[in-house]
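Below is one structure; the comments refer to it alone.
Residue numbering begins at 1 within each chain, and the chains themselves are lettered A, B, C, D and E in the order written.
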Amino acid sequence: MRLMNSKPSRGMRLALNLLPFVILLIIYTLASDARLLENPSDKLLPSWSSFADAVQRMAFEPSKRTGEYLLWVDSAASLQRLLLGVGISAFIGLIVGVVSGMLPLFRATFSPLVTAISLIPPMAILPILFIVFGLGELSKVMLIIIGICPILIRDLQLRTQSLPKEQLLKAQTLGANSWQIMIRVVLPQVLPPLVSAVRLTLGSAWLFLIAGEAIAATEGLGYRIFLIRRYLAMDVILPYVLWIAVLAFLMDTILRLISKRAFPWYHGRGADAHE
Amino acid sequence: MRLMNSKPSRGMRLALNLLPFVILLIIYTLASDARLLENPSDKLLPSWSSFADAVQRMAFEPSKRTGEYLLWVDSAASLQRLLLGVGISAFIGLIVGVVSGMLPLFRATFSPLVTAISLIPPMAILPILFIVFGLGELSKVMLIIIGICPILIRDLQLRTQSLPKEQLLKAQTLGANSWQIMIRVVLPQVLPPLVSAVRLTLGSAWLFLIAGEAIAATEGLGYRIFLIRRYLAMDVILPYVLWIAVLAFLMDTILRLISKRAFPWYHGRGADAHE
Amino acid sequence: ETKSKFRLAWTIYVGWMPWDYGDASGIVKKWADKYDIDIEIVQVNDYVESINQYTAGGFDATVMTNMDALTIPAASGVDSTALIIGDFSNGNDGVVLKGAKKLADIKGQNVNLVELSVSHYLLARALETVSLSERDVRVVNTSDADLVAAFTTDDVTSVTTWNPLLSEITAMPNTTKVFDSSMIPGEIIDLLVVNTKTLADNPKLGKALTGAWYEIMQTMQGSDAEAIKARSIMAEASGTDLEGYDAQLASTKMFYSAKDAVEFNNSAALMSTMGKVAEFSFEHGLLGEGAADAKFIGIETPSGIYGDKGNIKLRFNPAYMQMAIDEKL
Amino acid sequence: MSKAIIEIKQVWKEYGDHVVLEKLNLNVQAGEFISIVGASGCGKTSLLNMLLGTEKQSRGSILLDGKPMPQEPNATRGIVFQKYSAFPHLNALENVMLGGEFASSPLLGKVFGNERKKLREQALEMLTAVGLADAALRYPSELSGGMQQRLAIAQALIKEPRILLLDEPFGALDPGIRKDMHKLIRELWKKRGLTVFMITHDLSEGFSLGSRVWVLDKPRIDPHQPERFGAQVVYDIDINSEHKLSNSIQSLIEKQQAAKVAV
Amino acid sequence: MSKAIIEIKQVWKEYGDHVVLEKLNLNVQAGEFISIVGASGCGKTSLLNMLLGTEKQSRGSILLDGKPMPQEPNATRGIVFQKYSAFPHLNALENVMLGGEFASSPLLGKVFGNERKKLREQALEMLTAVGLADAALRYPSELSGGMQQRLAIAQALIKEPRILLLDEPFGALDPGIRKDMHKLIRELWKKRGLTVFMITHDLSEGFSLGSRVWVLDKPRIDPHQPERFGAQVVYDIDINSEHKLSNSIQSLIEKQQAAKVAV
């Protein structure tokens, strides 16, 4: 049988899924043990018990300084910034993208500007951003917005433009004006692609969040990682990184489920599998 | 006439295209003049002549310290890292993506791992990267690779999986084995999507490049921006940012043209406009 | 103009942690209330960013070293005053080599440090002592957050940095601190810098800050329970523990009393130090393209003015610290 | 003879140098069913687009009720395309209600309460008329190709357009389903007194449905510059009065057509 | 009677609880042209997939030349789908040459020099046979639907398969073009002595092309559990010997079919 035709059984697949993770864990344990044997105060590859201690300390014991449970305070702060940034970006992306996709006059005016902005790596203008927007919450949220909004706008504009021309004509023959077509025909149809686009840009949003928090913040997941990076406290950094990955995964999953629930016509069996 | 049906004429469109840029330039000039009037040695919004001086100095005069033409040295260093990182990522993305898309056994083993990796913001694991790959060129290239490779792999896997099943069956009825199908049927067909995917990830690649250079380097565009930030020399930072945007634009354009040239069957009039 | 709301930025460093304690313990608020003003204490992760913000007008007061006060705000034409001299580094900054035992071995090596910072200055001064120059090494700009991680890799053989990074690095096996700031005492000075014009228009700000600072100094000194508690809080905020923080304090010459600070401020050594710093900064292009020589920017100290008298942008003015001594606050 | 609903006078359609249609002179009475046939690319859709108002003739004039044709689609002319006709995010019922909602609610394009109930009833009636009563709550993607076209027709008819434009409405359907659709469209046309223009590639469909058939073709061809001359209506066949004649012509055309296609 | 090329013995096809096909018992002689018709979803493609080797029967056995059917597609059985049949990144000539290249070059799947020349000639011959000689250097996207299907057929035939499987090969084509394709496929079948299985939705196509027609349908239906019973071959009509009979059956089926579709 050709290799491409041989499919693993259910149980086999699960085993294969887990295999690389198990191997990684084993390698880590061996390497960590070897290093710690040589130098017991080595911080690079902490033992599993150090991880447990660190998690216990960060998540379940109040900080001496502020009495706060740091992991949760950091998570709340970061999530709030992320959701604000992504939410505002999605809103702007939707409105500007749809209007720009529908109205040639608007598109001619703003599309080149959006393209130009999207070419500038936000990291390069970080210093400028902080000067313009200050060091408060605003600048962190703005960094996310500047980073992902142009992508969302361009995607939504493309989606709007690629709606079948026939639909827009049909709506006109039903007596609709531009505004009605926008809110009843175009907007609802680009919502599911908006959710997909947001899911795709979430990774970048996390990046910008961490970069922003690294420079100016007093709490947040990125802040904490950068703060303790100076001490190479891997026992805290690695759990934080994993926690970020878990949060990212949860957000992606939630968005996927919301989209499935809210837009059955998009994910229905008829329309071929938009995952 | 409905707003959505009114299209600007050719000349009108050009004028609209330029409008926001002209407005931005005017606003900048006014703001800069006002600030400089108050404090002539203000560095935040330099005058146009300071920009000209700075560009002249960075691009066309040898540096006093090293005798190098800094802009070009920086550009060469950054471009080399970028091209290496993106090139290697594209190569890995193509190979792993195609194999993973074609072979269910391989996919079951590696796909969850790639997903997990893609969830981790590379910025958060920078210290780990440095420790593993050192501080040299390798770590900067690796940062780019770790940042964009998972995206490319997942995209290429999806593209491979979404090739019509009929094609793969047809190839089998023509007597091909898995290897032949891979190199003659699948690989050539996912090359154009690979180019599109690379174009989409170029923005992220620049981001990671700049982040990497900001952390440890002796030359490079990101290095210079973050170094010069120490004395707020906007007259150099802004031209550098613009220059990065120009480079990004050129790379995107070149990739687009290459794709058009190399894959006429993909961009042909029959296949509806893959931009 | 006079105003009633002020913003002070601080960054994590042993000599600046008292500001965090002053904020957390309410001492700053107490003094602000006394003068009927508001002072917001803002922590900024990134040191350079906090100075940039100050220069752009985002903060009224910011902590920084004497060198950065000259090269960033003063060089950008923002007239600044060193309101409080908090401490100088007395071993808190150092040059560390891997393997080698003496400073001269640094020749030909890559040196990882935050370029154009006081570390860079320290390295230049260190090289002078063994008759080397910057051309004999290769400086690699490396962000402070990643220096410790960087040092664990094989390609990094020498670094110049400050605490707490320095103690993390020297704690690693096979390392030698071949030079530190205790060999150039009083040259790396940590200041609270205030915009001169704001200070002139709002003397209340200077009084409140100075008053608060010396009350904090009083509290954190010694080994009574309250001092321990204060230093524990500072330790945690900087990501370490009491023991680690005390170790850092040990290599810092804190001016706990205003008297010492004023004395240091008025000494002739300060002016000659600033002269060295200005020359270093000029050589590295830090004074801006308009600077014809190191004396382009005027620096006012009680013992005289260094540089251009017509372009004074940095002032060491002991007036408010003197008020603290005189208990006029 | 009654006043024509549509008059096409000396109409040319050109894209740059490319002459697509030339010198069309045609009058259409209300209630006619005009089938338009012709080789691929000869300009059928261009003609329909001019009637819809999305494209403007290059020369000449097109009159609707004696007045120039509005330069935009509107509710007087309904349209059904080969595909993409229904809105995928609305179920069948909502698709049909949409036209009424646009008219009653300029701001939201959506109505509630009693008004909604009324619209709903009308829409259900229309769905019943096209045989989709049972599928009222299904999304277009859950409907077969034939059902989607029925839906598109229902959607167009609820606005009671005087003119119905069909661009290969059954081109994507299986032969069995086509026959049902023919029956449906014939009934609707007769019952509602519509004026219908239908483009089709299927000659027998064109002849069996239409009351009049227009055959578009280029009467002259310059082999070196095929774009120099446009297509005209080379045959304009009234099915009712000339049924005999048309039969013979039909076989003639079929042969011609087959010969062309074979290239 | 000669040995059957394909024997289907007591074959059932189930997906989980859903019985798609039940108790099929059929023998096919080399050189037969079997048209398979039946309602949508009744299991025609499932049957073809078992013959192709991409799906396995749930029970029973399928024999090819008396041996179990290989469980993978291979060069003995060519296939033409309704679409996606040609490789879009190769021009027509390269598409047809590909089969030969696979055979001659296991490593690269690509041949050069003299061998290439030979393959090229064979491929051109095949393209000429299907009437695509002039379009040899065009990409599939530059070919019309009909031309693409010709190309797919040429591509399949160059491997000289003994069995040709067609799944609604002309379903997406216009009626005029369909007729040409019928002529082509009939010629190729006769000339090359192929055994052909063709699924079609068009009854007249099935009857006019096939030497034998299988009509798939469910003989029993449980209205509450429609998935309990699978389809069988309810009519197995030999066109040559029973032409008269088949005509009457055809009209019967057509009526049945039409009634179903109208739902």
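The rule we apply is simple: a contact is a pair of C-beta atoms (placed from the backbone, for glycine too) under 8 Å apart; a residue touches a chain by one contact, two chains touch by 3 or more.
Quick caveat, the model's predicted, so the values are computed rather than measured.
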item: Common touching chains of subunit E and subunit C; value: A, B
item: Pair of chains joined by the greatest number of C-beta pairs in contact; value: A-B
item: For subunit A paired with subunit C, centre-to-centre distance based on mean C-alpha positions, whole Å; value: 38
item: Subunit A and subunit E: spacing of chain centres that average the CA atoms, whole Å; value: 48
item: Residues of subunit E touching at least two other chains; value: 72
item: Sites on subunit A at which at least two other chains make contact; value: 2, 44, 127, 131, 172, 177, 214, 229, 232
item: Subunit C: positions in contact with at least two other chains; value: 52, 56, 145-146, 148-149, 152
item: Subunit A - residues contacting subunit B, complex; value: 2-4, 6-8, 12-13, 16-17, 19-21, 44, 102-105, 108-113, 116, 118-125, 127-128, 131, 151, 168, 172, 177-178, 181, 203-204, 206-207, 210-211, 214, 221-222, 225, 229, 232, 234, 237, 240-241, 244-245, 248-249, 252
item: Residue ranges of subunit C touching subunit B (in the complex, touch as defined); value: 48, 52, 55-56, 71-72, 75-78, 112, 115-117, 138-143, 145-146, 148-150, 152-156, 284-286, 288-290
item: Residues on subunit A engaged by subunit D in the complex (per definition of touch); value: 164, 166-167, 169-177, 179-180, 183-185, 188-189, 263-266, 268-271
item: Subunit C-touching residues of subunit A, taken from the complex the two chains share; value: 39, 41, 44, 63-66, 127, 130-131, 134-135, 213-218, 223, 226-233
item: Subunit D partner contacts - residues on subunit B that touch it in the complex; value: 1-2, 5
